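The structure's right below; bear with me while I get my questions together.
Labels run A, B, C, D and E following the written order; every chain starts at residue 1.
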Amino acid sequence: QSPGISGDVVKIGVLNDRSSFQSDLAGVGSEVAARIAAAEVGNKVLGKPVEIIAADMQNKPDVATSIARSWFDTDGVDMIADNQLSSAALAVQELAKQRGKITISVSSATTRLNGDSCSPTGFKWSYDTHSAAAATASAVVKQGGKDWFFLTSDYTFGHTLEEQTSKVVVDLGGRVLGAARHPMGSSDFGSYLLTAQASGAKIIGLANGGTDTINSVKQGREFGLTAGGDVSFAGLAMFITDIHGIGLEAAQGMLLSTSFYWDRDEKSREFAKKFAAEMGRMPTMVHAGVYSGVRHYLRAVEAAGTDDGPTVAAKMKELPVDDLTIQGARIPQNGRVFHDMYLVRVKKPEESTGPWDYYDVIATIPAKDAFLSFEESGCKL
Amino acid sequence: MSDYIIETSGLTKSFKGFTAVNGVDLRIRRGAIHALIGPNGAGKTTCFNLITKFLEPSEGRILYKGEDITRMKPADIARLGMVRSFQISATFPHLTVLENVRVALQRPLGTAFFFWRSETSLDGLNDRAMQLLDEVGLAEFAGAQAASLSYGRKRALELATTVALDPEVLLLDEPTSGMGREDIERITSLIKRVAVNRTILMVEHNLSVVSELSDRITVLARGQILAEGSYLEVSSNPEVVDAYMGSGHA
Amino acid sequence: MPMLFGQLTLGLINGAFYALLSLGLAVIFGLLNVVNFVHGTQYMLGALFAWMLLHYLGIPYWGALLLAPVGVGLVGAVIEVTLLRRLYSVDHLYGMLLTFGLVLIIEGFFRWLYGASGMPYSNPLPGGTNLGFMFAPNYRLWVVVFSVAVCFGVWYLIERTKLGSYLRAAIERPDLVQAFGINVPRMITLTYAFGAALAGLAGVLAAPIYQVNPLMGSNLIIVVFAVVVIGGMGSIMGAIVTGFGLGIIEGLTKMIYSEASNTIIFVIMAIVLLIKPAGLFGSQK
Amino acid sequence: MPDIVDRSVHDGRLALKVVDLNAWYGESHVLHGMSFDIREGEVVTLLGRNGAGKSTTMRSIMGMLPTRKGSIIFNGKEMISMPSHHIAREGIGYVPEERGIFSSLNVQENLELPPVLKKGGLSTQEVYVLFPALLERRNSQGTKLSGGEQQMLAIARILRTGVKFLLLDEPTEGLAPVIVQQIGGIIHTLKERGYTILLVEQNFRFASTVADRHYVVEDGKIVDRIMNADIASSTEKLRGYLGV
Amino acid sequence: MKRTDINTAGGSPAQGPGRFNSSTILYLVLLALALVAPAVLYPIFLVKVLCVALFALAFNLLIGYGGLLSFGHAMFFGGASYITGHAMLVWGWPTELGILVGVVFSTLLGVVAGLIAIRRQGIYFAMVTLALAQMVYFIFLQMPFTGGEDGIQNVPRRAVFGFIDIANDTTLYYVVLTIFVFGFLFIYRTIHSPFGQVLKAIRENEDRATSLGYHTTRFKLLAFVLSAGLAGLAGATKVVVFQIATLTDVTWQMSGEVVLMTLVGGLGTVFGPVVGAAIIITMQDYLATFGEWVLVIQGVTFVIMVSLFRRGVVGEIAALINRVR
């Protein structure tokens, strides 16, 4: 274990997709978030500069892994943040494990990162499929939404969401009345919405993502499903950028869970202000997660006196997470940060004061309800 | 064994209700140069297409050396030794003139599927290819792309390619059309030379070529046989004169 | 039973949409033989222009229905005159490479400008009509009626006027058709622009129901190609009928085996091409 | 090139005057200074061996070759830099070699394809009277016609346009002798009606029955000009040029 | 019908001994460069280029020499990578057997797909291959063993033949280079073989080839199967390198990418696909740090390429050399 800073610089690589569908919820914003975190420590740790680089993996796992490889092997990158697309994230985390480097995954939602594929140097911030399912479902059912129907993306991601949510719903005494599995990127949801309607469900769980979710909501409005207020959508993997894209007109009344909402408290507004100054829009929970992850990483480097991966990783698990977006969260052995989630309802257009004023926070979901514990995760470390 | 190398009986082809060839009984004697003539649209090319199986006959049978080939595939017909040329010039446009001929020459080698063998194994064929090109007057174009030849020369190339297979029966569809006098003479004499020990069935509108070359002539009109016989017999048949030859040739 | 009727009706409505979308491609791909990868992008531009017209100039949907396709047509004309035109004499693949490059440029530019999650565009005809067996959104009914009218108009223009013959002949031997006295280059520019404008029109129609975003057309193109091929390249009627038919089949698939609803079209395409080599309405060479 | 003094039988107006025409296919230079002219009402042939450049001359006149130099004056207008469709609209009809029948159109569509440019062309009905074989096949695909039928179609479709100046590239190629006679008859009729025709022919015998004058082409140049009246006395010369 | 502007620069037979020598020297120089390359460039990048280049070469064999545009080649590439990945990860097979089973799979898939597709021509052929590839994609998406969008992860890099340790990137590079050279020579020989000659003739005029006695469908099928097998070899090798097999490799976009690479490098030229693959991989990996502009830059490159250097990089260079001569 070599104390000190390798290459005399703490190098952080932000690796995500900047050119396709997911580029708003992470993309360039993640790089900006990482820079905000670095700026909070004056871009220096232990007297050495912090350098942030970023790359577009174009939603291709082999591009992601080959960039990660050359970052580790030739560019002296110490940590990779964001780490999008589950296949790529799993591979990059495994690579980092072999190289003794740290990954802080945020956009990729799979619980395998901290479950059967966990790594001593792999961390996960913000939402994951379990939190999306468990947090949202338990909160929604408690609010009285007991009869569910799912619109599920025919992908592992969607299946996992559906499965985990159903379990929670049933455990809490709710009913699952059916599910429609649609291929990724279906543009028309009319047929599924008809089926959903016919099932008599009161809550339509959106176990899909991105454009599919947006289109489901938009068309739900068009088909008059959500107009009466007796049927609601529950977004299992939604970001504030999605709401922005749908517009409050169509999205009003939806329930969803998020690890971050910019207008929740003083501190979150402060982070959002810094972010908006750069990006001209408000941060998503992914941006907040990247910020928080990088911030925590730098603190751990400082505390450990080195940027050696395993040492820093151990330090990260010792220290509580504490920054503008998360206060006092702990990290168990599997690297899954234990922080609170929030259940929010989307405002009506007339309640909103302007762009990005979209949510009412209606409940706080404690971390233990949102995330799998180390024991449950299936991680063998 | 029968005297006839090709025999068709009741050969018929209809296209969506239009009968292009109607009950044709054709008999081609081994070793003969047999001409098929007739007005445009009489069904001559269609007969060729049927005999070489580029078209499926609607009815009728085709015998080659007494063997029924009515159900065979076109490539197999060629392998039996019956090779055709096309009415509208058919070359391999982006291959060189030499390669065009060589593609035909290489088939009997039986190495056509050998993707592991070097193509230099084909160089042995170059001499023969050049000789054939020389015979049709294309030797100086051997290295040129076939696409850049003028129309008449493409026809000559096609003939050379056909002859290269050394077939027993050649079916030539208007071999001299589009050619200048000089070339016609050259092609005529080439046909005469290759006709030795071979059978030739040809479609031709140039009557002087027909009269000079053919031993026997079948006249088709509206898909049926109108007359058959030697040039003299046929050309003095008033029906044929009327339907095909016109007053200038009477 | 009412469920089945509902799904069939919905399929028909979606089919109208496919039909309109394939129509433009049938014109460009079927008649000009250009593998127009940028077609999906032109569709996106239609929707985006509609949004821009509303957002910046306050022009509502009904104005955009006319203006946005014209705008997309102009973009198409510029593409044809400056770039595509030089590629007609060479293999179609080059047209594909070019239009693919254009997809990346145009989508990339607008993604940079507006982000990937898109912008809201509200429904100009909210509410719905109860058909007895289902609740049919008014806007979709409008889409069906309007698309059918446009499809028929285009079919008439191309199949019942001489334009279609000119185009088909010009694809085979442009030099010869021009030597007959027809201004082939201009005709092709206009046709391409027209095809692009049709894609743009489909985009405007889509804006109120599908998310308007710079990438909305990128996955569509391959399905629309399939529709045109199944219908028979060069056949306008084929594209229309297949478009509607596909909508219905897809709707049924969504009921029975929804995972396969995107794949079904390829299964159909394979079967159709094996049985009818030139597509359902194509004439065989 | 021997200096050829024009001594036309016709003293009609000059219809077409080609001066020092050069043309290229890509890099290969095919026409090397063609010069000839045609008066109104004349039938003139270009004779020459395969590859001499006869068809290229026609394509150059029609503006179908990208690179050409020199001067082509039609009815007093310089056409060397006109686009092809303008040339056609000046009143020139073209029947290409290899016929140029469109496979994606049926016979009737092929026939009606070229736009009517001038009054006085044949109607579709008249065409079918002249070529009954086409009537019978009018709904079949253009290239499914027999070779000869395609040739008829290629000629027929130009007669519809009403232009009075025709370029016919080997119109008798592949035709049955009766039809060749018939085409000869048509050319005569057209001539009587005042058409001007430039003809490329391999069939010299046929050419001599219809033409007023012959130009001999060799290596992309005119090397000689023979009046049809002098044909009998020129057989020796022709044999040298064409191997007749 | 339009004239196809397929470049035959590399396709004409080597004439005369001089030409043969100069091209042999060229190949030796290139091989020498390839041998020292990892000293200069990052080996994993090179390995990736080699894998994808082999894929592009396989594709080019079909289109450049057989005139058959397959728009579904990802099914062989991605399919083989799943099979190899599964064999090595779950069944624990050694590397060489893993690759072999991938190749066998894609070859067999090639026979099946070929038998169906080969009956159609031109754009219809492309569409049938696309349709088949979409079905294969769907099957892989639905089969549990592929792991959905997570893919097959952590495929081990076992020593080749039990003693060549490919955990080391440089060693891996040489192993992959060997596979690549094998594939390249295989294709080169195929193109310049009696079979290749007939294939080109069929591309040019299928009816005429039939009339000369060639069963054209058999030739096309063999070309298709060879191409499928080689595409599988490329995909199988890639799994060993990247240790993952994912859905990305079976999508139609992957089929499209290989078309682009081939065009960019030069259709129907021997080296074109290799150069094209190198260019596109370089753009993907090295331009990735340009952030969101990667794809736009790629797009601009394509447009310029088609407008100004249509023959592709290699095609243009060959044309230049010819002009200088």
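Brief remarks follow.
Going forward, contacts are C-beta pairs under 8 Å (C-beta built on N, C-alpha and C of every residue); 3 or more make two chains touch, one makes a residue touch a chain.
Please read all numbers here as calculations on a predicted model, not as lab measurements.
The minimum number of touch steps linking subunit A to subunit B comes to 2. With contact taken as defined at the outset, subunit C and subunit E are each touched by A.
Of all chains, the one whose Cα centroid sits at the greatest distance from that of subunit B is A. Chain centre most remote from that of subunit E: D (centre = mean of CA atoms). Centre-to-centre separation between subunit D and subunit E, using Cα means, comes to 50 Å. As a whole-number value, the distance joining the C-alpha centres of subunit B and subunit C reads 48 Å. Centroids built from CA atoms put subunit E at 37 Å from subunit A. One inter-chain figure worth recording: subunit A and subunit D are separated by 76 Å, centre to centre, where each centre is the mean of the chain's CA atoms.
The multi-chain contact residues of subunit A, meaning those touching 2 or more other chains, are 19, 23, 27, 154.
Residue positions of subunit E touching 2 or more other chains, listed in rising order: 4, 6, 292, 295.
Counting only residues that touch two or more partner chains, subunit C has 108, 111, 171-172, 259-260, 263.
Inter-chain contacts occur between A-C, A-E, B-D, B-E, C-D, C-E.
By the touch criterion given at the top, residues 1-6, 69, 116, 119-120, 123-124, 127-128, 130-132, 134-135, 137-138, 142, 252, 256, 259-260, 263-264, 267, 292-293, 295-296, 298-303, 305-307, 310 of subunit E touch subunit C in their complex.
Interface residues of subunit B, counted against subunit E in their complex, comprise 52, 54, 73-76, 78-79, 83-86, 90-96, 99-100, 102-104, 106-107, 109, 111-122, 161, 165.
The touching residues of subunit A, counted against subunit E in their complex, run 18-19, 23, 27-28, 31, 53-63, 65-67, 69-70, 73-74, 85-87, 90-91, 94, 110, 112, 117, 154-157, 159.
If you check the complex, the residues on subunit C that touch subunit A are 3, 6-7, 10-11, 13-14, 17, 108, 111, 115-120, 122-123, 126-128, 134-135, 137, 139-140, 208-211, 213, 215-216, 219-220, 251, 254-255, 258-263.
For subunit E in complex with subunit B, the touching residues are 4, 6, 8, 12-13, 189-190, 192-198, 200-201, 204-205, 207-216, 218-219, 222, 226.
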